[in-house]
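Below, each structure is written out as structure tokens.
Both complexes shown next keep chain A, but they swap its partner, so chain B is in the first and chain C is in the second.
Let's turn to the complex of A and B:
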């Protein structure tokens, strides 16, 4: 309630301010006339020794509300083509007398004008961007331009970038207001490589995939190594690169125990030496020789079985398998 | 943040950057002389270009494929203004602007607490803290451009805004790896 009263009284000051300057000390009417002659730009007159007669009962005014004389807002005298970045060089709290804009802010019942900019807490609370107007940004960027370098024009597509720079490293920085500037998550380093750029043969690739397990994404062919075990980012980066080196060098080596790889360890179905091949051979031996089976049919059968196992059951696969079996057994139904 | 060779007053400020990769070592690529500003009146005579190049930092700029800046705050209007500012600054510095987007809904952190200090379990009061997000992506930056841009952006972060910067840099294969790959693929 009192806030509203003060606001109204303060608003009245806006009108009073440009007129007769009212001083704190009770002065005679003659003195008031003297003050009026002074222009607005000059300073107010300071009376060091007010005359005693002013304090007599006749001259004494009831000490009214102490009206602090206020200069008119600076925005009244601002030229339109002024240099705004000089007026508002850095981020500061909203100062209504320095901003030559008729701003209103605040929720009111519909139909009523929102409160103006003077003594508006909402305008003061919200961060303003008056220090970052286009001319200010242009000026600052022109000064910063000399510290920037151009991107090489030859690397305009993503494919070219990936071809020349296969490794991608992702790191994060965090900025927030808190007692400390450090954030533990900033140490995390993610390294991503496309396996096709490493040029591994089938054995090396198989071994690498077994070492790496779920870090490899077969759809995008990207190997992702996340390193967060060291306290510093540089250490994590070095560790990730070391891991990549070690993985590749280990996958190229062939250990003696790798020869013991059995059918159960196979990552994909291979027809040579499989149960299906043995069964087929036994079948062909036992079958009465109506017509000799062509090797092409066997080949076709083998490829279809391999596809069936590796790619899964689709209608296409099933149909081709059916056709190959029919050809093999000489059925024309 | 500023290149190591930047020293005021003593000699003409010269910054040279070398870029790595396909173009090999291009020493002369961006050599710019920055005149001493308004401070000292005397200017040192220009040194010959070769000498000044060697004295400046010989470190190669890493390349960044993209930078994603995620900002969060309790005020969506502030985030919008900040995004406008960063995109304008990026345009001035010649940085390609990628996808700038915001999720349609804020994150609400709700608390349902007892209204009274003692008993009255059926009467509660609910508070919520809303956090709005915004993402800005800038693509194809060199290391020096990135550092300059990020420092400028981060110095002008408004109150109540948290920033997370995710940088994706691209590197060559390490020399040991590329040698072994080449050796073994020849085999």
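Let's turn to the complex of A and C:
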């Protein structure tokens, strides 16, 4: 009963296990086999020193199974207009029987054909993009389209975007080929805002710049706050927004000790109350009144001196300063 | 040389401990990944074996691909140890069946193991071994593992030249 079942099973898998009497010593059975092999010749071969026959244990493989015939590669039967994304849907190591291309890979001396695609480990090593052919990408984009929303039509210029969304927050995500998804650098949050959007008066702006120091870039007028002291990105984001709020509110407040700001603390040259103005007044009082000095000359002189101090020495500044001094003193040289 | 001295004021005896090691002249000989020519010129070499290590990135490619060697790539040591383990496991599980090196590619969470096998066992056993390897490796390495193997009639198909 069981034997019949076994046979059925074997037939399905086309495997035949032959039951042969196994023995280490040459028996009469073996001798018969040898005799039968030499039937074609006239004479029997006399073996003075019989070598190990093929039935000995060392020469026999355990179950010399009948190898199932391997099918030819399916690339032979692939139609030219087949749906390639169905054949190669995901990233996969190169499989030569599935790719209907005659590829060769390997360095050989000139004149020799490089190794073919079968049994070529080099072709398997390199990354292939057979899963990202243009039709596959189109399908993926079409599938993703329903999750996308349109860009609002009203935001068509950069100025409008800056006007409506003045604060810019930058975060980074990191991917690794490992079982863990954690990366410590992902918690860093960078907040950037243009100071012109904050609408500060001169005192508030001066105070803010002193508080913020090197985080302000005068060329682009952008204040950058980088927050990485908290372990989570959300915490860092909240902290950066809190910092911005605190900076603005503090810069609008005036502390009583700010009145002690002296000329040495001034961030830029201011004409009113400066030593230059005082000396000019004294000079004008003591100078013989040849012609009354026009107030616009004084004003011009004051602007030129301010420019000279704030912008530094350039030939243009020096020339205008010279002209204004000449006008003041009434010299026409 | 390691010499321990105790203070003389104490009653301990000073016991010098000298350890030296003997160094011979340096033999600057490179011998990794190179195979010697046989008198009969019948030693079979695969393409990988025929190209010595200085041809990596010129005529050969790497066997394991992951992000650990990039700038600020994490987990380089653990990944290398895992690679060694995977290669030993595969060579042992598929006994005497691998005709090429074992190629390991990592993509995000997924480990893809590739190689060329000899058709030495029936395909039914091969399917079992594929499932067995994928399951156990995924359990040990704690991430999905996929085997992408190619089979070949016999070892001669992978032989590139005879040396």
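Keep in mind that, in the parts below, the second predicted complex is superposed on the first by the 258 of 333 C-alpha atoms of A that agree within 3 Å, B and C clash if a C-alpha of one lies under 4 Å from a C-alpha of the other, contacts with A are read in each partner's own complex, and residues count from 1 in each chain.
Going forward, a residue touches a chain if its C-beta (ideal position, glycine included) is under 8 Å from a C-beta of that chain, and two chains touch if they have at least 3 such contacts.
Because the structure is a prediction, the values reported are computed rather than measured.
Report for A:43: first if it touches chain B alone, second if chain C alone, otherwise both or neither.
Touch status of A:43: no partner.
Please name the chain, chain B or chain C, that touches the greater number of residues in chain A.
B
Mind working out whether A:257 is in touch with chain B, chain C, both or neither, as first, second, both or neither?
A:257: touches no partner chain.
Where does A:166 make contact in the superposed view: on chain B (first), on chain C (second), on both, or on neither?
first
Looking at the overlay, does A:96 come into contact with chain B only (first), chain C only (second), both, or neither?
Touch partner of A:96: chain C, not chain B.
Please indicate which partner A:176 is in contact with in the superposed arrangement: first for chain B, second for chain C, both, or neither.
Touch partners of A:176: chain B and chain C.
One more residue to check, A:147. First (chain B), second (chain C), both or neither?
The first partner, chain B, only.
So in the superposed three-chain picture, is A:122 touching just chain B, just chain C, both, or none of them (first/second/both/neither)?
Second partner only, chain C.
Is A:107 in contact with chain B, with chain C, with both, or with neither (first, second, both, neither)?
Second partner only, chain C.
Is A:68 touching anything from chain B or chain C once the two structures are fitted on A? First, second, both or neither.
In the superposition, A:68 contacts chain C only.
In the superposed arrangement, what residues of chain A touch both chain B and chain C?
91, 126-127, 175-177
Which bits of chain A are touching chain C when the two form their complex?
13, 15, 65, 67-68, 70, 91-93, 95-96, 106-107, 115, 118-122, 124-127, 175-180, 183, 185
Okay, in this complex, where on chain A does chain B touch?
Answer in residue numbers: 91, 126-127, 129, 131-132, 134, 137-138, 140-142, 144-152, 154-155, 158, 161-162, 164-177, 197-199, 201, 241, 244-245, 248-249, 252.
Please give the residue numbers of chain B that touch chain A in the complex, ascending.
Listed in rising order, the residues of chain B that touch chain A are 2-3, 15, 17, 19, 21-23, 29-30, 32, 34, 61, 63, 65, 75, 77-78, 81-82, 85, 88-89, 92-94, 140-142, 144-145, 147-150, 152, 154, 156-160, 162-174, 176-177, 180-181, 184-185.
What residues of chain C sit close enough to touch chain A in their complex?
The contact residues of chain C facing chain A are 46-48, 51, 55, 59-63, 65-68, 72-75, 78-79, 99-101, 103, 105-109, 112, 114-116, 119, 122-124, 141-143, 148, 150-153, 157-158, 160.
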